[in-house]
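Working notes, beginning with the structure itself.
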Amino acid sequence: MVWTWKRYLDPATGWRCLPELDGRGMTKITAVEAPNAKTVVFKLERAAGLFLATMARADCGASAIYHRSSLGPDGKWKEPVGTGPYKLLEWKKGQYVDLQRFDGYASLPGPRDGYTGGKKAEVEKVRFMVIPDEAAAKAALYSGAIDVFPEARSADVAELKANPQAKVDVVPAMGMIALLIQTRDPLLKDARIRKALALALDMPEMASAVTDGLSKPNSSAIPSSSPFYSAVHATGFKRDIAQAKKLLAEAGYAGQPIKMLTNKRYTVCFDAAVLAQAMAAEAGIKIDLEVLDWATQLDRYTKGDYQTMAFTYSARLDPSLSYEMISGPKATQPRKVWDDAFVQTRLAESMQTSDRARRQTLFDELHRKMMDDVPIIVLFNGTDAVGMRKSLTGYKSWAAAKPRLWNVK
Amino acid sequence: MIGYIARRVAMALPTLLLVGIAVFTLMRLIPGDPAQLMLGDAADADSLARLRERLGLDQALPLQFLRWLTQVVQGDFGHSITNGLAVLPLVWERFQVSAGIVLIAVALAALVAVPAGLLAAWRQNRPLDVIIVAGATLLLSIPSFWLGLLLLLLFGLKLGWLPVVGYVAMGDDFGQGLLYVLLPIITLVMIETGVLTRMSRASAIEVLRLEYVTHARAKGVPEWQVLLRHVLPNAFAPTLTLIGLILGNLLGGIAVLETVFTLPGLGRLLVDAIYARDYPVVQGVMLFTALIYVLINLIVDLCYPIFDPRVAAQ
Amino acid sequence: MKLRMNALIGGVLIATMLSLALLALVWTPFDPMQLSLRAKLQPPSAAHWLGTDEFGRDVLSRAMAGAATSCLVAGLTVLFAVTTGTLIGVLTGFVRGWADRILMAFNDALLAFPGILLALGVMVVVGANKYGIIIALGLAYAPTVVRVVRGTVLSLREKEYVEASRMIGNPEWLTMWRHVLPNCIAPVAVLTTSMFGWVLLSESALSFLGLGVPPPAPTWGNMLASGRPYMQSAVWLGLVPGLCIALTLLGINLLGDAVRDRLDPRMSRA
């Protein structure tokens, strides 16, 4: 394990999360030692409440540990030797990845707990197929060509449930669907207009319609399945057309069209934008939709070049990370929606301390400020719907939305 | 002959260069950064910069173009940004999938269409002709992807006779592979038969009016000989040009069918690469397609004299 | 006899579609953009003759509005392609030497350019709207017109009346305008009727791939694309736009045949 971590920390291997842990980010790992065969010690330069959470980040490869025999003598990848119940058989890029059961695997006894307990590879071979097209994947599930369809659309859930050969497993995910507002825009820099937009939306209807009843509305940047989601965070926007109209009149809004960017790649973004447009119209706010391809929209997001947009954020497992993804100095990070000194100090503190109660207080404060400032209108957290054949047993989804196929028959 | 071919290829080079420059510039002008796409919304400036550097995207544009050009001339089309595969082998592999389906479909369609058109022309304005033309017109009015979807719905989902997703190369397993390409081929055949039948009928009508046909008939040559020996070869020439045009266009237009039937073909590769801003792949596919286009036109032009001695005389 | 049948059926189909399209500009049974989440995905009924889509919008109204948009886009595209194509085609037909070669090289390059890339590029510059599609498709189809016109001009160039026109001292452009251009009309007219169909098909194919006139404004193409995930549960969503496209294309082809046979009964090329 020491060997793996040394490799991660080596700048030559280009590990994605290195900047967080080499002194430039939250802390610096000064040493990784193994005093005995069952213990590993990480020495940090300064306290970091988010250390473990960062290690577990999906985009860091979850800091997977692999054995040094994975590499050949020349330092190039030979065959990855990891710590799980399956091993890599074949990777046909763009088409599929084949895994085969590793018979020498042993896990701790006991029930499945998401850590090291109760993992058993029930099936001999697992194949992850690349099907770029949702409709085709759904059809494949029905015809039996595939057994598990991890990213089913919420719209398909009812249909899947009704199908005699399929069933569905639903779990709240930790991603976020929101309407981003550019606070630097000449029209939208007026907080009253932003608030009016938030008040014009029917949140429960929006969440229910876009996710077919699977997700509940959530106005907080923290996902509703997070342990830090307190009563404060549960208070969101309640639809109030009269108040919205009043605010608009105060701000002197004269029906100027507001452009909202969206895309067709993520149906939730598209549907949310269409609904927002219809709902806002009832308060007199005119929204024009502009549908872009995802790459273009992502580009506009990064540059901050938009008035509003319907956007989806991937899962963040810790509230600090959730707030971090939307706030920051716009001068250096134009993609951030919320540029506020008050926010910055609170956020920084939440990352340093590991005192749970203190962090909760900070997050509550941040939420209240967000309800006032409205730099972003969070709509709901996604739901992970997994379609599978009825004959499959033992599958359980979890919040980070990556399929786990041990203990599955 | 060789000189003619060489000259034709040489004349095509400026076009190819133009296409290369146009594609390169256009792709860079479109907003969207492949590195950004790969890293998603969790990207920070640092990892973005590092990835761009690794992909060679941070250099000046003309430099990038020159680098690409020199590599291409040496036969190296570069590597895909999204999955690191070498572009030329990737393009070739995908091309085989698309080309296999297109060629088989057009061949089958021609096999049906040419005799059908001939028959229709022979019995012009009689009931048989009307039926054939009506059928052909109907077939070519149907959007290919709609037809594909309907066939998939019927044979794949409702009846369950044919697979709905995926692909197995016929080279690997003929039986299995055939099942996967059956529906797309049938779809294409139906539509192209419509187009080719009309063309073949029209040119057959032309030829039937000509003097040497009446002459042959007057001589007492049996009808089937007249049709087969005099009309068919001459009527085929314009149909051949059309086939060439269809083949050229089809390789581009097949992207929709590949989407419907989830085939790992060239059209789909191009569309996906454009969406992912995978510059080397887009440029590679483009160049390859342009080359194929030139080749097809050349072959058609070379085949022409075989069928029409008048052209050979020119 | 056949001629009249063609023209009749084709004419009826086209007339129906056009009148629905024109009607859609002033009235549709429901507002094509009106959402009604409670009435999602309803099969055809007395209230909604063609059912509702995933947002509860009336399919018939959307199909009508789609007719208007698709016809407008196709019409303007063909106009753009034919006008520019004819002008350039006549030009290259007359001009010789390296100027001709360069123009034709550009033309061929444009012809070999994949429609998707062109569409995406143009739409990004112009904006994701129908004008982008019109320009992109116009650029994609103009080279075909150039080819056809150029061919005609080349064959006409040596004709006597053109020579005569030159001999009496008419400037080149006058000769082109008065003698060559009118004779190009017939082949261009034939091409135009086919092109309308191709453009309609291309627009729906592009929408199907995710480009094209973006929703929520309806076109037959994007209705087909949106209806695709529901092919099993709500088959009318995919059936209606596809049928509209097929019927319109059929009408165009039949009418086009009649036009062709009229203009040049000898030249009944498909």
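We just call them A, B and C in the order they show up, numbering each chain from 1.
Basically, a residue touches a chain if its C-beta (ideal position, glycine included) is under 8 Å from a C-beta of that chain, and two chains touch if they have at least 3 such contacts.
Just so it is clear, the structure is predicted and the values come from calculations on it, not from any experiment.
> Which one of the chains is farthest from subunit B, going by Cα centres?
Between subunit B and every other chain, the largest centroid distance is to A.
> Could you tell me between which two chains the number of C-beta pairs in contact is largest?
The chain pair with the largest number of C-beta contacts is B-C.
> Roughly how far is subunit A from subunit C, going centre to centre by Cα mean, in whole Å?
It comes to 43 Å between the two C-alpha centres.
> Using mean C-alpha positions as chain centres, tell me how far subunit B is from subunit C in Å, no decimals.
Averaging C-alpha atoms per chain gives centres 21 Å apart.
> Need the CA-centroid distance for the pair subunit A / subunit B, whole Å please.
For subunit A versus subunit B, the centre distance works out to 41 Å.
> Can you list the subunit A residues in contact with two or more other chains?
Touching at least two other chains: 139, 142, 293, 296.
> Among all residues of subunit B, which ones touch two or more of the remaining chains?
In subunit B, residues 30-31, 157, 259, 275 touch at least two other chains, as defined above.
> Please output the residue numbers of subunit C that touch at least 2 other chains, ranges allowed.
As it turns out, subunit C has residues touching two or more other chains at 120, 124, 210, 228, 231-232.
> Would you mind writing out the residues of subunit C in touch with subunit A in their complex?
35, 37, 54-55, 120, 124, 127-128, 210-211, 214-216, 228-229, 231-233
> If we count contacts the way the header does, which residues on subunit C are in touch with subunit B in the complex?
Going through subunit C, the ones touching subunit B are 1-2, 5, 105-106, 108-109, 111-118, 120-121, 124-125, 197, 201, 204-205, 208-210, 224, 228, 231-232, 235, 238, 242, 245-247, 249-250, 252-254, 257, 266, 268-270.
> Which stretch or stretches of subunit B touch subunit A in the complex?
Residue positions touching the partner: 30-34, 36-37, 39-47, 50, 54, 83-85, 152, 156-157, 160, 163-166, 259-260, 262, 264, 268, 272, 275-277.
> Where on subunit A does subunit B make contact in their complex?
The contact residues of subunit A facing subunit B are 14, 16, 19, 24, 59, 93-95, 129, 131-133, 136-137, 139-140, 142-143, 145-146, 293-296, 298-302, 311-314, 325, 332-333.
> Over in the complex, which subunit B residues touch subunit C? Could you list them?
That would be residues 12, 14-15, 18-19, 22-23, 26-27, 29-31, 125, 129-130, 133, 137-138, 140-143, 145-146, 149-150, 153, 157, 195, 198-199, 201-203, 205-206, 238, 242, 252-253, 255-256, 259, 270-271, 274-275, 282, 285-286, 289-290, 293-294 of subunit B.
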